[in-house]
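Naming follows writing order (A, B, C, D and E), and every chain is counted from residue 1.
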Amino acid sequence: MSATTAPKPFDRPRFLPVFTGLFFVFMFAPIVIVALFSFNSTKSLQRFEGFSLMWYQRFFEDSSLRESLFASIEIAFVTMVAATALGTMLAFALVRARTRWAGTANVLMLIPLVTPEIVAAVSALVLFTQVGLQLSLETVMIAHITFSISYVTVVVRARLAALNPEVEQAALDLGATRWGTLRLVTLPELWPAIVAAALLTFALSFDDFVLSFFTTGESPQPLPVRIYSAIRFGVTPTINAIGTMMLTVSAALIALAIFLPRLLGRRESGLGVLVGREGA
Amino acid sequence: GVGNSGGGSKKETEKVVKAKVDGDLVYFNWSEYLDPALIKKFEKQYGVKVRQSNFDSMSSMMAKLRSGNRYDVIFPDQSFAPKLIAANQLLKIDKSKLKNYDNVWKFFHDPAYDPGAEHTVPYGLYATGVIWNEDKISGMKGSWADLFRTDAKGKIYMLDDFQECLGMANLRHGFDLSTVDPDEIEQSKQMLIDQKPLLRGYSTDDIQNMINGNAWIHHGWNGDVVNLRNQVKNPESYRFEKCKEGIPVGSDTMAIPANAEHPGTALLFIDFMLDPENASQNVAYFGYPMAVTGAEAAFAKIAKDDPAVAITVDDVKNGQQFANLTGKDKALWDRAWTEVKAA
Amino acid sequence: MSEQRFATTLLIPGGLWLLLCFAVPLGLVLAASFGSTDDLGNTIYGWHPDNYRQAFDPLFVPVLLRSVGYALATVALCLLIGYPVAYYIARYGGRWKHMLIALVVLPFFVNYLVRTYAWVAMLADEGLVNGAITNLGIRDSGIKFLNTDFAVIGGLVYGYLAFMILPIYAAIDRMDQALVEAGKDLYGTPWNTFRHVTWPATFQGVLAGAVLVFLPAVGDFISAQLLGGPGTYMVGNLIQQQFLGADNWPFGAALTTLLMAFLSVWMVLYLRSAARASRETAL
Amino acid sequence: MSAIRFEGVTKRFGNTVAVSGLDLEIRPGEFFSLLGPSGCGKTTTLRMVAGFEQPSEGRIFLEGEPVERVPPYHRNVNTVFQSYALFEHLNVEDNVAFGLKRRKVDTGEIRSRVAEALALVELEGRENAMPRELSGGQKQRVALARALVNRPAVLLLDEPLGALDLKLRKQMQVELKGIQREVGITFLYVTHDQEEALAMSDRIAVMEDGEVRQCGTPEEVYERPEGPFVAGFIGISNLLPATVENGGVRLPSGQRFPAPVPGECADGSDVYLSVRPEKIWLDESEDGMVSVDGTIVERVYVGTTTQVIVELSPGVRLVALEQNAARQRSDDRWEIGQRVRLNWHPEHALVLR
Amino acid sequence: MSAIRFEGVTKRFGNTVAVSGLDLEIRPGEFFSLLGPSGCGKTTTLRMVAGFEQPSEGRIFLEGEPVERVPPYHRNVNTVFQSYALFEHLNVEDNVAFGLKRRKVDTGEIRSRVAEALALVELEGRENAMPRELSGGQKQRVALARALVNRPAVLLLDEPLGALDLKLRKQMQVELKGIQREVGITFLYVTHDQEEALAMSDRIAVMEDGEVRQCGTPEEVYERPEGPFVAGFIGISNLLPATVENGGVRLPSGQRFPAPVPGECADGSDVYLSVRPEKIWLDESEDGMVSVDGTIVERVYVGTTTQVIVELSPGVRLVALEQNAARQRSDDRWEIGQRVRLNWHPEHALVLR
């Protein structure tokens, strides 16, 4: 009865799970630290000396920090709305328009994605000063929207390309006008991708530093910029508190982007869409 | 750079103000740069509300003013005060209305940044020097040369600030702190470049660098030493020296914008802050000395009676203050600094 | 057809925006790079190649090379770390796949500055890690992590790893599992099968990942700023300083243009593979 | 009046001609199939009727009306797509109701008609299922119901059973045929499976390279194919090269016998002689039959029948089909290598060019 | 010694049992098919032989050797995957050479054997084509050559023709069978197409729910199916409910007649009587035949044959298959609604429980 114990399946590399485990430790260690020390009862960033919410309290008492928080949210929101709208339209055009134009645009629109942020930031700064635009939250928004558009487009385009054209034809065939088809079939089929793109855009914009750093005016400045100056001139755990809060926000958004479509009974998750892959 | 935009007329900077409550106080300052308890005390004492808001940099303060926000009391530093004065944005302060004005050190009755102290009253004082950890290294010579000690190689930090660094080199060379002589700047630049092999890095976070042991010797600010000592188990090991070649000294000021709505309350508040008792309490809180006679003790106390950290009238007298560089001069310093960092 | 025209018109808003806010500014930077500054540090447009001459000054060339070196090291490390992780998640993630890949992207949405600063706190000479090392008696003196080349590269890896993992994950996940089995079935040992089947089949993903990491890494300045020492200055820091510290925009613009020119090679590489990919998904 | 009429319809994509010079008339209520190999233009033809493509030349008439100007959503036809093309985000009921809602039918009627349609395809009770929860066969039924519920003049089906597995396909063929009889709607049915076409259709148009090679009842296209392509595409054609000789044909072997030679074949012209395998009797004959001898080279048992492959002369092979109906089974009767005589009635032979 | 032997092999995935208690012996050189509906465990069985899955219980022997310790790449078997699984980045030649290279065969021999294999599948001249340039049928051939070139002891094929269209599939069936004869390698062939299995296999194992329901030659499983499932899955089973009555059966209609009742069926026990459609003669009979009367309700012409569906009593239907071999065609003979008599030989009837 040698076979009473089932033999192991062959070559599951044993080191892989271990390695992956270590990887996650590496990724999350600093985040844990941040979260932990945001509850420290003293200024120390080396020794944890008891739980307290003082740093959160400090944050909310500091009017200029509060302004910065609202500024960041405002920027991220406007960016999300504008970029999602523009990006989605662009995606449609790129997938549907058979012109040679669209062909080239299809590739060109990827360039912003692969342009180092500092280059984008510098050119935005130069642009604004050239057209004599006072640096302000608006300028930050413009910069953020610019780099977010391509992002949205890529995500939505992938989904759109994967969409079976026969589904839309079925709608036409069943008496839906072009507009009706768009409204009743295409958008509903696309929306997991759009939601994902929107939320991720928000998250990206919300804690983007480089672009904001170059294009923001005087106060209120976006939160990441404040974090930067705080880090340069003596950190207080207030930064950790901010970081932890931003983490929670982003995490919530990502979770939303990933699982919302699932919860609403779609096969593909926003993340699947994000990594250009459908389904589980 | 910030220009003289948004100026007011000379006229309105000279209107007469009585030192009596004429409404709530609209207060505009760095965050954590004044003891909240004193605010409460002031409110109680005069039966007014203090409406606080904070700025995160001098330029953002300027921006707020420029964009027409109206405050009653603001805290410009020595290099921005002259701009505001030149732009007629600060109210003339009638010293006779301030009971405690005599407590202000005589030196500040006629500072370089505000001749005759017509528009400002001094607030926090700070100086740049050398911080070190006595447990790690000793035998400091009270000279900028200590930043070049080969036996601390890889444990020395310079402030990541072009003015402080080049200024240090200038002082060590015996040049004027803010020299704009290309040859002298060239030499200072070279000195900094030669120093690099000894350095661990450039950083403005002297407190953390000292605490976490990356630094034994740190080019830094006296106020930070005080904060530093409050965060460690062995405060006495963290020392500060004011170098004999001379040190950069700076001060913040209290001032009343020309468009203030409640200048009377503002005067009362300034006077309130000059009261030795209140000043002492504030010094104890924010860790910088104030140019108020009677507050020295308070600082000495938090400075663990370390005269080195304290700033005396003499320090201020023979200390030097950074000039506000512009145009070619700034370009000269910038280029030098760029080359230092890139080298 | 009408639908065609409709689609083409949709091209306008986004396209116009990208043109005005992305293409045009790049042009302006190019123009500025030939300019000079007046006494107040304002840019005067003109035709002065000096900025480029200055960029190739022996003083700055090392900075440029260092940036590229760091970026390449970063790509290598990201690949070394990212491939196995992506492979494990895609192959053996099972129903946790989505959870795991989500965990991979999550840290990437925590503010990069804060994360980096946390590393500083942990890796300081007397920080948590070194504390552990000395207390556990692994070494009697701590290790100098910070303000070194490794610290900067580490920071870059930490910051951009996700860009490497996602495309590789997608490639492996998209790959037909049967191919691996075919490889084994045809006498390929696990290593052989990886080498001759999996790797070639996922190479496009690796390429994409490499570019997506390399491009931002070359231009990064935060890592060097927060983790670097006196000798870790990168082109990003240089540019940053020209624009936000020293008011010498033309020089900064010249550096930016050079950077962009150098990177365009890689971009073309990436765009070609991306175009191919989109063609394949289209079919 | 015909349900659909094609008048010289041609469709070009760039320089590939998908459909050329199509003239067809489909009668109301008939089950009409387009049969042909992949790429022959079946789908394109269908899409032109639905309005997803416009003819490059010629005209299409639906119930006598020309439709160039009519957009898909105003045409009284519905399509069952090969991919089903169900709306993933709607449940079964809403999928089926989609068309009616677009036409503003009032809710009460919608409900009843949807229920009726679902009953027709035997999906009562699955109203609230989401498409992804359905099996292939069920999806197929939903797609069918979604189209039928609108009572179109013509129903277009593009290989609707293509994605189902053999067993299920055969079952659905019967159901589909039954449904069509029941509702009496004109079906235009695309397939490349000749058995399917034969079993289901009233008439079949066999297409090749965008052209209709033959159009007629299953019997016509199977028993009297016009040309080798049709003969070969529908079933085993058993082509023997031959030459026409005074009213009959002559095989290379020199053997002669009568065959129904079409008028246009002059004496001496090279032709193919084709005999359907089931028409060939092995070692049995009735008077009037013609016969050739050969050797059995292969024997394939497929349950109901056995294919016996006989070689007449090197390279020249005929397949004979023997139903396994006899008391003792045929493959006991025939041994590989055995000599046999093949007999068939002259009128069952075809002369093709 | 058997090529493959399964001893009580069971495979569980979580709590779904994919294969349970499998005992099989596959002889060297035979063409053995696993036939069954989707999800019955065919692929799993194959994968366990290849070594991609490990049995949860029981043992597998290849050429007498147990293989639980032998990884896939050391097993002397090769697989032809349903998806072909060709290496997209290698051309045809390198795909085929892959296995030989891994085993360090020297280049000269590799070249000759690859050429030989490609000749076998009639792909000479396409050596340098990339997979994406090939048609489905050609891909299929490359996959086959890639496996055959290694001359494995056993070749595993998982629905290798599943992706091809009907016409091509029929053609490849013949070729595949031919190749197997030629190379004489043991084929373990997975399919859910019963005609394919019948036409190609030496022996067939019919599976359901992970268990083998019957294993035997095509004739055995078709003519003497053990149980309704096998009877129904392979061809039309024509089941009539009946009860055993002294050595024969009695239909609900009250009619009685002889049938080969298996010993274990006691009198009065309920059974099914099954007669294959081709065994039923309409209005013709020989002596010794039993017969029932009915009404023709449907007639399906499929070219070679016509299915005549006859209703005996409401709901009880039999399908009779008539080969269209007669002089005048059958569907002229049979009209819907006509009364007919169905005759069959008692030994062709099956009694199933």
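Here, a contact is a pair of C-beta atoms (placed from the backbone, for glycine too) under 8 Å apart; a residue touches a chain by one contact, two chains touch by 3 or more.
Being a predicted model, the structure only gives us computed values, none of them experimental.
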| Least step count from chain A to chain E, where 1 means the two chains touch | 1
| Core chain by centroid distance, with centroids computed from Cα atoms only | A
| Pair of chains whose C-beta contact count is the highest in the structure | A-C
| message | Which chain has its C-alpha centroid farthest away from the centroid of chain D? | response | B
| Computed distance of Cα centres, chain C from chain A, in Å | 16
| Using mean CA coordinates as chain centres, what's the chain B-chain C distance in Å? | 39
| field | Whole-Å gap between the CA centroids of chain C and chain E | value | 55
| query | Which chain E residues touch at least two other chains? | reply | 51, 71-72
| remark: Touching at least 2 other chains, the residues of chain A are 10-11, 45-46, 231, 235
| Junction residues of chain B - those touching two or more other chains | 208, 212
| All touching chain pairs, where touch follows the definition stated at the start | A-B, A-C, A-D, A-E, B-C, C-E, D-E
| In the complex with chain A, residue positions of chain D that touch it | 50-52, 71-74, 77-79, 81-83, 85-89, 98-99, 102-103, 130, 132, 146-147, 150
| For chain C, which residues count as touching chain A in their complex? | 2-4, 6-11, 13-15, 17-18, 21-22, 24-26, 28-29, 32, 43, 81, 84-85, 87-89, 92, 95, 97-98, 100-107, 109-119, 121-122, 124, 126-128, 131, 158, 161, 166-167, 169-170, 173-174, 184, 190, 211-212, 215-216, 218-222, 226, 236, 239-240, 243-244, 249, 252-253, 256, 259-260, 263, 266-267, 270-271, 274-275, 278, 281-282
| said: Help me check something: in the complex, which residues belonging to chain A touch chain B? | reply: 42-46, 58, 62-65, 68, 217-219, 221, 226, 229, 231-235
| field | Residues of chain B touching chain A in the complex | value | 31-32, 52-57, 59-60, 62-64, 160, 203-208, 211-212, 224, 227, 230-231
| said: Can you tell me which positions in chain D touch chain E when the two form their complex? | reply: 37-38, 165-167, 192-195, 198-199, 218-219, 222-223, 233-235, 276-281, 286, 300-305, 321, 323-325, 327, 329, 331, 345, 347
